Amino acid sequence: MKNFKIKNDYKNFVKGLLSLNYLVIAPKYENGILKFSKIKNAAEILSPSEYINTVSSTKEYFFPQTEPVIKFTFEGKEIFLKDVEIGKKPKVVLGLRPCDAASFSILDDIFQYEYKDEFYFTRREKTIIIGAACESNDESCFCTTTGLAPDSSQGADLFIEKNNEEEYFLRAVTEKGERLVEQLIAEVEELEEEPKKNPLYEKIEKQIRKKIDLIEAKKWLDNNFENEKWEELSSQCLSCGSCAYLCPTCHCFDIVDEVNYNSGVRRKNWDACQFDLFTLHSSGHNPRDTKAKRYRQRVMHKFKYYADRFDKTLCTGCGRCIRACPVNIDIYEVVKEFAPLVEQN
Amino acid sequence: MNSISEIAKKLLDENRVSAVVGYSIGSLPNKTKTVIVKSSQQAEKLIFNNLCVNNLAIYLTKSFRLTTQKPVAVVMKGCDVKSVTGLIQEKQIEREQVFIIGVKCNGVSEDGKNLSPKCYSCKLQTPKMYDILVGEEEEKNIEFKNPFSDVEEFEKKSLDERWNFWMNELEKCVKCYACRQVCPLCYCEKCIVDKTVPRWIEPHTSKSSNLSWHITRAFHLAGRCTGCGECERACHHNIPLSLLNKKMAKVVYDNFNYQAGLDDKAKSPLADFKFQDKEDFIR
Amino acid sequence: MEEKILTSQFEPKIASFVCTWCTYTGADLAGTSRLKYEPNVRIIRLPCTGRIDYNLIIKAFENGADGILVSGCHPNDCHYSSGNFYARRRFIVFRELLQFIGIDVRRVQFAWVSAAEGAKWAKLVNKFTSEIKDLGQFTNYQKIKRDIFLEEAVI
Amino acid sequence: MINIYKPYLTRIQEIKIETPDTKTFKLRFDDSEVAEKFNFRAGQFGEYSIFGEGESTFCIASSPTRKGYIECSFKIVGKVTNALKKLDVGDVVGFRGPYGNSFPLEEMYDKNLIFIGGGIGLAPLRSLIWNCLDLREKFKDITILYGARSVSFLVYKDELDEWEKRADIKYYKTVDPGGETKEWNGKIGFVPKILDEICPKPENSVAITCGPPIMIKGVLKSLEKLNFKPEQVITTLENRMKCGFGKCGRCNIGKTYVCIDGPVFNAAELNQLPMDY
């Protein structure tokens, strides 16, 4: 795939993007928090060096917290269904860290398994994902454990990186990405040769928490469904669900009807396996009635069940759950409890 | 002076408590981890420092089932003890069910740098109620702030400004209900938002349903919230929940001369009345 | 008989939560005494003002009420002996909360109207209706309420 | 865009009150094209919805051999079922499905079938029983053992009588001790105990069971004692579901999604699952 140099600075590149009539979504400080929001002009943009990661992940732009799936109206005994329109405007999500970009290649599997969830995929198809390599990290990051790196472009269509001369360049990862760059020819210039790696990325990779052997972790999980460790690991959990709501790969949801006079809507709302109501049957039976069982479900789903089915880990090492947990339950430390570090040379 | 871990060890060895809830070194440099220690071998983990911002009173609520047979020991700062008082007051626990390891606190910090906002108006460096006390009080050189100063500041705004402020803030809410889960006084077995028949508050996120939820939360805590600030700390979207709680506390203080969490015999102000309550707004 | 001419003038919707023992009977008395009063109030009868949950008030606003009138027995007249005293405390706090959030509390009015005060009820409704007319439509909620059909597909 | 969340509209054609807390609806598709095309296999389930209240998961209780309609039986417990109970003939019910796997009908050909049902757990079995009875010559002996907590809680009473009268079925009915009436002519005792009494032969047989968890547990034990191999024992699982197609993450038991890999499992598969149901 081709590489392109950004001719002027990053902001000009964004200006070019905005002029193409895309809805541009990028990290932005809004009401005191850094989150992915709509960008109206290029001045609002943060360059990849200006942030580590956002508070919430980008999944909300593909699988929103709440999403109508069908609308209906009542007329006497009759019910009329109406399909839901979803945003038609093509989007560019810009500046995702490798951990966020990779989440889509993971989520795609579940959303098209047996039944294809078009709500997710319509948005996916209309959206171009431009990842950005990490220029800094914090204590929570552990993407190397999940097989990523500060400069891995997995899941992105285009990827922004710095070469060894500290200049930004674009790596076209998919054809979709390349087609976008072709429209931006005023801002970019094709590079003849492969740009030289910036040593920064390797440095960051070394700063990130050491890599855990997830194959060993899975082996342990295969044999330890019943283990008193689960009780110990989850005893302080408050079942607040912050971890699931911020996670780029958590995808559980609830379906709820809402009605207003003679019309209503059926919605998909986020839900989390840490809530005790999540699996409660109407008979009163609850298969996961204790916190230990719920926490086991979370860890097992991420590192075993998903791998069993799709051969992928349902975690990208973004560290959001670690930053958000009010009682400092650290999934990295949890996995480290039962799996060794990978020897690094 | 005994250290917390020694006390915990002794309590567990003597089989006086089922568990000791306390703080240990966290996995991140500016966080401490909550631990529930059940055997004396693990008691060494327990520490106390200025990063111990959590309110551990939450672990005394029924859903944790720690107090079922034997009492449970909890490491508590002065401010946390207020929540225990609230729980005793509302008959959620008995005083005998909890062994309070009180710590003298010189202010805590959420991020390792800045003092937690709740500490500026704290007068309870030494807990009001404890079974054993540890730590030493340092001379506090923090400038004492009126706890309601930000409420008063906010009230200078016009109605529209306030409305817009809250709409902007509440729009961020994703309804994870972490604010409810971490609150020691939100112990209802079934929260109003989880009730489906009738459904008072829709589970989707929108400005109006988020507002309903936050009105509910604030109002249900009126006269009960002790200002521990856990809700605001747990909110990853930084919604200023304490501001609402403080306003409620102020109203209750101004009108009924009541402060939450100081007297375990007192009646909660909204479960009580006086004949001479204010009536000027009623026609 | 005088007939009201339909004009495009703003007619507020007022939800009125009343206690069945005093105000509802009082409103009934107003009717049987043939007292004329503004038709803008929709009376919702509840057992006691102590039953009036703040959620009812919020729901009324969400569903398009421009004003809310809560009314019950005078102090010491409560059928359940003290329901109105608890309600009074609750409203002291709730009014302040609404104000803090930025809702004009002039739209939420409380009153004591006994079973004998049909005239007071009629007067109260007339006065409150004209006040709400002066305040105009309550647009705060209309702006934020997600219309489940018109909701724009943002993303 | 194909909306997998969009239900078909069906109309209630008939309502039967089975027990004090169970009703059966006979539903016909509004759209005749859908009605014609709609196909399912015994054991599959669907998401039934009442608009404005929500969706609920029940199996399809009618036989796939009876075309043109579907039936569902539900116990009135939660929000949706309480709303369903109030519906009348002619009212609209949403239906998504069929979802999940089904009973391995073809593998049962030329075998003896033993159906063991309890309470409302007869519903999925009923679909299969009628399916088998409509293709009677393909199977050998058919034995049905059905029990409920008391006489009034027996579902599909008309059909039970019909089965009792049929010469090509061995039919046993039972109620829990204390649940009998004066007129009761069936057995008295818990289902596993009666199963021990009947003592079906495992040779060339398949046992299909569904009922409350406690009964299934007992039945599995009894069948094991009777030398049934785990592969010969088939049951259906029930977990809370929302989407029905493996997305919402509610019905996971280990890596298994009950909604896609289930709800029909044989005991051998069941033994492989972690105890998370």
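Order as written gives the chain letters A, B, C and D; numbering starts at 1 within each chain.
Everything that follows uses one rule, which is that contacts are C-beta pairs under 8 Å (C-beta built on N, C-alpha and C of every residue); 3 or more make two chains touch, one makes a residue touch a chain.
On a predicted model such as this, the values are computed, not experimentally measured, just so you know.
Counting steps between touching chains, the shortest path from subunit C to subunit D takes 2.
Of all chains displayed, A has the C-alpha centre closest to the centre of the whole protein C-alpha set.
Computed centre separation for the pair subunit A/subunit D is 40 angstrom, with centres defined by C-alpha atoms.
Subunit A and subunit B have Cα centroids separated by 32 Å.
Between subunit A and subunit C, the centres computed from C-alpha atoms are 47 Å apart. Listed for subunit D are residues 54, each touching two or more other chains. For subunit A, residues touching at least two other chains, in rising order: 84, 254, 256, 258, 264.
Of all residues in subunit B, those touching 2 or more other chains are 204, 206, listed in ascending order. Here subunit D touches subunit B in the complex through residues 54, 79, 82, going by the rule given at the top. Remark: subunit C residues 54-55, 58-59, 62, 75, 82, 85-86, 88-97, 99-104, 109-112, 124, 140-141, 144-146 touch subunit B in the complex. Contact residues of subunit B toward subunit D in the complex are 196-197. Across the complex, subunit A is touched by residues 1-7, 9, 49, 51-55, 77-78, 81, 90-92, 94, 213, 238-240, 242-243, 245-250, 252-255, 260, 274-277 of subunit D. Of all residues in subunit A, those touching subunit D in their complex are 69-70, 72, 74, 77-79, 81, 83-84, 110-111, 113-119, 122, 225-226, 251-259, 264, 266, 268, 271, 273, 278-283, 285, 287-288, 293, 297, 300-301, 304-306, 308-309.
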